[in-house]
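Read through the structure below, which is laid out as structure tokens, and then see the notes.
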């Protein structure tokens, strides 16, 4: 299996206008060989799901920087399931919580995102290479 | 939403009150508490006594002193008051300080129902689940509690497209600065709104500030170029001057020019000088009399380093630039910047750090020099060219010219979520860390300026032994957030 | 102790070895381990491979890069190694760093018995009860353990009057910089020693460094003006140039000019430029060929603020000055400065902060300007006058002139413990925070310079609405340590 | 009783070259009306005692900044007692310990100085006014 056979949808969720992270990620994933669709900023959940269907995506990468990622991401897995994307990979990343007390309690954040049906959640210190490695491993791509 | 064409014209009383009634106060139930504008102005006058933004900032400008401006924004009123009083009492911020207070992003997008859910959620979780204070949901009486809790002038970040109701509530609470922006908002926070619509929305905010001013409560709305953190200095100045003219038309008499900086000492100082000078010049030329401008610095809006020690360096250098430039307004980010909305402890630490920068270097200024003059000249040429082209294409109307400029593709910057931005521009840093056009797209840079930028980039290319390209652009986005 | 008169003359081999045998190695039992100088030089050559101070600093100067120099000093070897390896591994200090390592003050006063008691006491208490590492008590093999533990060039602060045995041990251990000072030591750390005696002691240290150099181990001894923290920039430069000439006579080929600064950007940069220029000029004029100087900044030596946040501001601004000046050596103090000898954690934090200052501003330089030129001109006039007077009164001999100048009362500074200092000088800060002579005592300031200083003080007097006087002098001593 | 009737000896002890603190203190105490003798820096214990005898001093203020104050101050009270100055006030102040762990454990420092027979010990954040007030109180001066 090769990266080129896999398609990834990336976007910044909710009312969030930050898009540099997603933009950088897109460049990195494309360079690693993935097919990538970048949805831009302030993307509603529905748009993620529709884009995933349209592009036969294998993973949705949800970027959230502005601190309300937990609120914005709730229910996304359900929408995926409803749309027949039961097993699509869901990653989140960025600054997903507003208060520092939560943001610096990463096990709690991981717990919450797992409960919400996400496969992985990343801090903003993650490198593009780490994301590529995780995707390859989760998607069974030889590296 | 807006069908009329945009024009740089003062809203008539009739229009203003029609919009107020039909489009603004009706947005949410708290609108009804501020129906009587006269009463609101009277209350604001009393509440802002001794902590008026315009009066304090103009005084600092006259005296050559500085105002430190921490930021804060949490979901609940009690968190707001706790944070504000903590910082004010722990740092000696009073009297030479002011506040930059944030609403949450749902409020800024008029998603008041989501904000309400966020309030509930914050109560349940016992912490702030919103990235700011939902002023519209809370309404004017709650806002007044905050006014009373602080000894300092308050500015409310009323932006993200339609912030008219937020502005109404903030000013009615005695906060003495809202935001008068336009292109800034599109570039920073928007995706699909048209510039014409954004200008119309902001004309209301500006006219509202002017009404308070006319009613005896001096106002100093913020005219900002916070943008994305990755924009050319000329673009920054251009945004300021165009916003200045639009706000002045609505009767705004004092504006705080909050410049996002790139952290190149000379270039930043040159940029701010050019903005301030051209704000005065263009306003005078268009017949707006007695408009005052106070210059300030907003710390680097690009990516920050994820560790205290490096953040301390950022805070220090971002304070050194306004100090050496002699710009009265020093907005502060804090050590939490890379991670989460500022904590009160973080803001207090940052205030203390910046304050001590002023203690040891506050009266030192950068001397005049040929290098600084050249940087100023280059920026001024760029900005004048854009402004003149706007006025020309808009037949003397800045609003029309701006909109046409974006549509025609020659008003442009980089990495914005705004879909109407042409997006051909690419910027990199030169060998001294100044921001330069690698690709100016269709921006009508005078040949001299274009060559200057390319020559500067060539210096870096030869120092680094490689060509400037997209990889370099991406690296430069993160130059200040990298740890060794 | 020394009965001969002083002269700026190279020690003959005969003298050198007589002193070595009779006065130096016999000071303490560890002297016998380094009896064979040839062997010591051979060992040092190997040990300093890849971390030679002179080579690294000259390289940085050529490339326009910076070397970060944290400080450290604890009673026990294991503490030293622990601290050094901690900082090197936690901060990315390697390869662009170096160490400024301290002995304790007993060692610096040859009170080796007290130092021995301090070592015992430290072992008993489980913490460092000395303010530095007692190199003489520990001897060369222990010192070599430290050399091996570090990846960086090591400088040992060999000062406080007679540090000849400390120098011998440090250089034999492969440390590649000792101190070549004279007036500096009297002013900073001494009470009764005569300048003539101090010069004689330091001639030995310089000659020793030169011997290592000649033996194939390049050396870069530190020529410092750390002084008391409250001295005029002209006095600083004067100290540097006079020390430069004395060390060069002994054959020293590379000197690191570590300037204590006053934290006024322009004045500090002007001072350092003048020093460097005149060091080259006077050495050339006196016939010392091929001597290189590398300029550096030692952070403000006056009182520091007793809180982290304010210390962070100090660290940042003290790093910004060498960065903007383009001076390769950036010595660092840390957040512990007001309280106790630096902890390893403190030094690591400070290195990270300073390093990030370089990340964001490291390639920016202050532009040439009339103001900077004027400051340079004034300092240069002051320093040249003092130097010429020394040479005149000393009949071309700098050592003689210096001693006569102090005796005659026209070489003078403020608040030193040294009883031979005339002590008529008073310094205050002007309206921009530059250091000015309120009273020049008998210092032969050219009239132009004197007037310049007084005019600058007058600016402050009129700004502050009060006369400069002794109270202001005392206040100014503490200007950077005050919290709001 | 008046400040002018009281005499204070000040100096920096041991091999310590710091003298700005003592100098500032001297100015402050003199301004408050005390008779003051400033011994300068690097003052041996004996010299403190001799100066106290000579000037009929009521208090010795020992400054120690360089971190070895504990070592340098040991035995000073004994020397005072031997010289017949049993009850002379002994204050210490400055940065009396080298390691931060001890310096920031002030109760421990106070304990040690009390055991050494000192009446008071001060951190370097003390103000001249606080020192004047303590001296007045300890020496029974009306303020």
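Order of writing sets the chain letters: A, B, C and D. Residues in each chain are counted from 1.
Just so it is clear, contacts are C-beta pairs under 8 Å (C-beta built on N, C-alpha and C of every residue); 3 or more make two chains touch, one makes a residue touch a chain.
A quick note: this is a predicted structure, and the numbers were derived from the prediction, not measured.
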If chain centres are mean C-alpha positions, then the most distant from chain B is chain D
Inter-centroid spacing, chain C versus chain B (mean Cα positions, whole Å): 46
With chain centres defined as C-alpha means, what is the inter-centre distance between chain C and chain D in Å? 30
Could you give the separation in Å between the centres of chain B and chain D, each centre being the mean of its C-alpha atoms? 55
Using the touch rule from the top of the page, what residues of chain C touch 2 or more other chains? none
Is the chain-to-chain touch network here best called a line, a ring, a star, complete, or other? line
So which chains end up touching which? A-B, B-C, C-D
Residues of chain B touching chain A in their complex? 74-75, 104-106, 108-109, 111, 114, 117-118, 121, 127-131, 160, 188-191, 228-230, 303, 306, 336, 338-341, 343, 346, 415-417, 419, 470, 474, 477-478
Could you please specify the touching residues of chain B with respect to chain C in the complex? 91-92, 263-266, 305, 307-310, 312-317, 320, 324, 349-350, 352-357, 359-372, 431-433, 479-480, 482-484
Under the touch definition given earlier, write down the residues of chain D that touch chain C in their complex. 12, 14-20, 23-24, 27, 40-42, 66-68, 70-71, 95, 97-104, 124-125
